[in-house]
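Both complexes shown next keep subunit A, but they swap its partner, so subunit B is in the first and subunit C is in the second.
== the complex of A and B ==
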């Protein structure tokens, strides 16, 4: 475990070296925050609600989605695809370390920095706009919210890692990965609550893993689901984690047999 | 005791034929012809503890592929290999803690951080105790003389300094087996010599078993008593470097300098094959067994000899000749 903590620490130091990339990435997220906040503010201005959400629920959803983006979404497993393609991946294979966990902790370091930044951004934003934020004080909802976030972190990482492993089969893994990320961002509910879409959409999305990444934890926080729905949701999250773990294991095993360490 | 044992090891790569031209590229989206390349073909060798073996061959001969299989990066297509009693491609942590691979063309150090950060990370990855880490690091830092650059970002180091740091990172856990793939590539002459001297000292002191691939014959001449030559995936020679020279260079070189007005080419051509000629210095190639007699004949002739030297032929010439003529015989 100590070795992975050192990976975390070293990655943290490394992240701080890329100040410009960090600023740009945060800028992108702040633009999303402003855009979504003002869109939902305007849409709910007339009646004080939109679809089945009150204005402050929508505001809270947008703010928390901003936070969850920073701690769930990450880019390090994308780097893994590039490393497989250019042969740098070989340097992990010769060491007594598990590649999956190495990348996971490397990504976690990046996420922690982004999370701290996102908290500061939100605090400043709420202070200046005096926006209504709904503080959840039900311990049960908060506890399930925390559990669901943990599940989301693992589920997102497993899915993106799985897509990165495509690099074993194709040098063009970045294309599918880009498309996948774009779709995932939309289908995870990072832009808006998925249930404002038509019922048919929601029905399809419920059977995809993405909805359990942002939409599901935020619905728990907002207190929109009863205990049964929460347990069902967490079970679905677990099922998707198990399925994607198995797929990662199969892809890893088969991919390694194909890997030829090009570039060295 | 054999530390590395390889039996009938083969590796075949699959790849797709890339047709030239725009239309062919479009067609390639739908249908591609699969091709196979046998990079390593049923090679066999064993290496004993503490040996430093040179692995030679032209580009694409199969040297790096063999090292990749021995370090567990690649699965072989067929055959067996054992290093320190482990099958490398099983990637057992117990094995991984006992060997290191240094690739001259690939970094393991974190580019934007000082090398010391990578050393500390490796300490934890290889689970080296604090005391051993300090002892090994001090020893390596002193041997390689890099105390002043430990806190400099890796990207700001010269190629030579970076390679020294790569070696430290690879040796902190005191591996019993070390695979060095082109460790001196791209370095200037002084840096090459520093790395070479270090490898020599390290091998002598720690009895580490080392396989070295290099395109620089100086590396091989200085470091390796035994060489394995691989060409087109097959081992063509496995034995002493000295025997290789005797086998493939059945002649010695006589370097003679002359005083006064020097000599004419026809005066010396009957002593042997004239390789280089100026009136004041010549290089003759003569059959190995006749070298002494020819030298004596030249000295007792009327030629104005100033100095005479009997030398071995340059190893790089021998290997170059072997590769260019494809003349390896089993």
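== the complex of A and C ==
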């Protein structure tokens, strides 16, 4: 375990060293925050609600999505695809580490820094806009919310890691990752609550793993679901985690057989 | 002019070769761009499933802002994608070889890579814009369409200026993508009319990163709600950005030290 903490620490320092990437990533998220906050605020200011959400719930959804994006979404597994393609991946094979956990801890450091930054951004934003935030005080919802976030972190990582392993089969893995990232970002509910879409779209999205990454935890926090729906959601999250884990294991084993370490 | 068109055409042929040899990669990028566009459009349509207007704008009026934002982004990507390769040129000092070519350095830097995916995307975008025009009843109004195209052209000058500023800053800082990514990220804020934002944010997006000039001004011109004051502001901002960017570029070239050669 100690070696992974070292990976975490090194990645943390690395992230702070390359401040441009950090600033750019945060700027992108701040633009999303501005856009989404003002869109929903405009839509709900006349009647105090929009679709099935009260104004306060919508702004809380936007604010918490901003926080969850920072702690769930990461970019380090993308590097894994690049490393497989350029051959530097070989160095991991001779180290006493598990590649999956190495990338996980490397990404976790980045997420922690982004999360701290997101909390500060949000505090400043709420201070200036005087926006209302819904403080959930029901312990049951808060506990399930925490569990769902943990599940989201693992589910997101497994899915992105799996897509990165495509690099074992093709030198053109970045294109599919770009496609996957955009699809996932929308289908996860990072931009808007999925239930403002028509019922047919919602039905499709509920059977995809992405909806359990952002939309599901936020519905729990807002107290929109009863205990039965929450348990069903967490079960779905678990099922997707298990399926993705199995796929990662199969892809890893088969991919390693194909890997030839060219480029080093 | 003919010479530059021939050069650009040759660069497009080279880009085409690269795209053909990486079909899976570029096919996925293309699909990714379509997914991004479709989901944002879905968001706009879903919103109008629950309301009649946003900040006083109707569905097709908002769609004009939305489509213009994507149009301007795609135009920039189509013609100035070379900016993303420029940092390498400066770091490796291969800019030396560009400077000595009998062609305008700035032209070559910006256009050396053509994004054929975005050029392809322009076709459905234009079709959707014409469809939105028909829904707004402006197809039979050549004056409105002329004003739209005029301010799209002015917006494109601002887009070009932002790319030139980015190139100039690269020579100094060697971090090419910083500025241009700030601009590209900001275009997301232009998907909806600027009136949704508070006044200070509108000012920021008018004068600092002028996406209001690039996107909202043409859209408002088409809708017939462009005020004389905002039209004049757009022209002044375009002139200031363009001349300022050229001056900055000339000054930055004087600072180029060819350090790695």
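Methods note: the second predicted complex is superposed on the first by the 264 of 264 C-alpha atoms of A that agree within 3 Å, B and C clash if a C-alpha of one lies under 4 Å from a C-alpha of the other, contacts with A are read in each partner's own complex, and residues count from 1 in each chain.
Quick note on the criterion: a contact is a pair of C-beta atoms (placed from the backbone, for glycine too) under 8 Å apart; a residue touches a chain by one contact, two chains touch by 3 or more.
Treat the numbers as computed from the prediction; the structure is a model and nothing was measured.
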Where does A:88 make contact in the superposed view: on subunit B (first), on subunit C (second), on both, or on neither?
first
Given the touch rule stated above, what does A:172 touch, subunit B (first), subunit C (second), both, or neither?
second
Using the superposition on chain A described above, determine whether A:17 touches subunit B (first), subunit C (second), both, or neither.
first
Examine A:192 and indicate which partner it touches, taking first as subunit B and second as subunit C; both and neither are also allowed.
second
Touched partner set for A:97, first subunit B, second subunit C, both or neither
first
Quick check on the superposed pair: does A:260 touch subunit B, subunit C, both, or neither? Answer first, second, both or neither.
first
On the superposed three-chain arrangement, identify whether subunit B or subunit C touches more subunit A residues.
C
Taking the touch rule as given, give the residues of subunit A at its contact with subunit C in the complex, in rising order.
20, 24, 27-28, 31-32, 34-35, 38-39, 41-43, 50-51, 129, 170, 172, 174-179, 181-183, 186, 191-192, 196-198, 201
For subunit B, which residues are in contact with subunit A within the complex?
13-14, 64, 68, 71-75, 91, 93, 96-97, 99-101, 103, 105-108, 110, 112-113, 117-118, 120-122, 124-127, 181
Contact footprint of subunit B on subunit A as seen in their complex
2-3, 5-7, 10, 13-14, 17-18, 87-88, 90-91, 93-97, 256-261, 263-264
In their shared complex, subunit A is touched by residues of subunit C numbered 22-29, 31-32, 35-36, 39, 42-43, 46-47, 49-51, 54-55, 175, 177-178, 181-182, 185-186, 188-189, 191-192, 196-198, 201
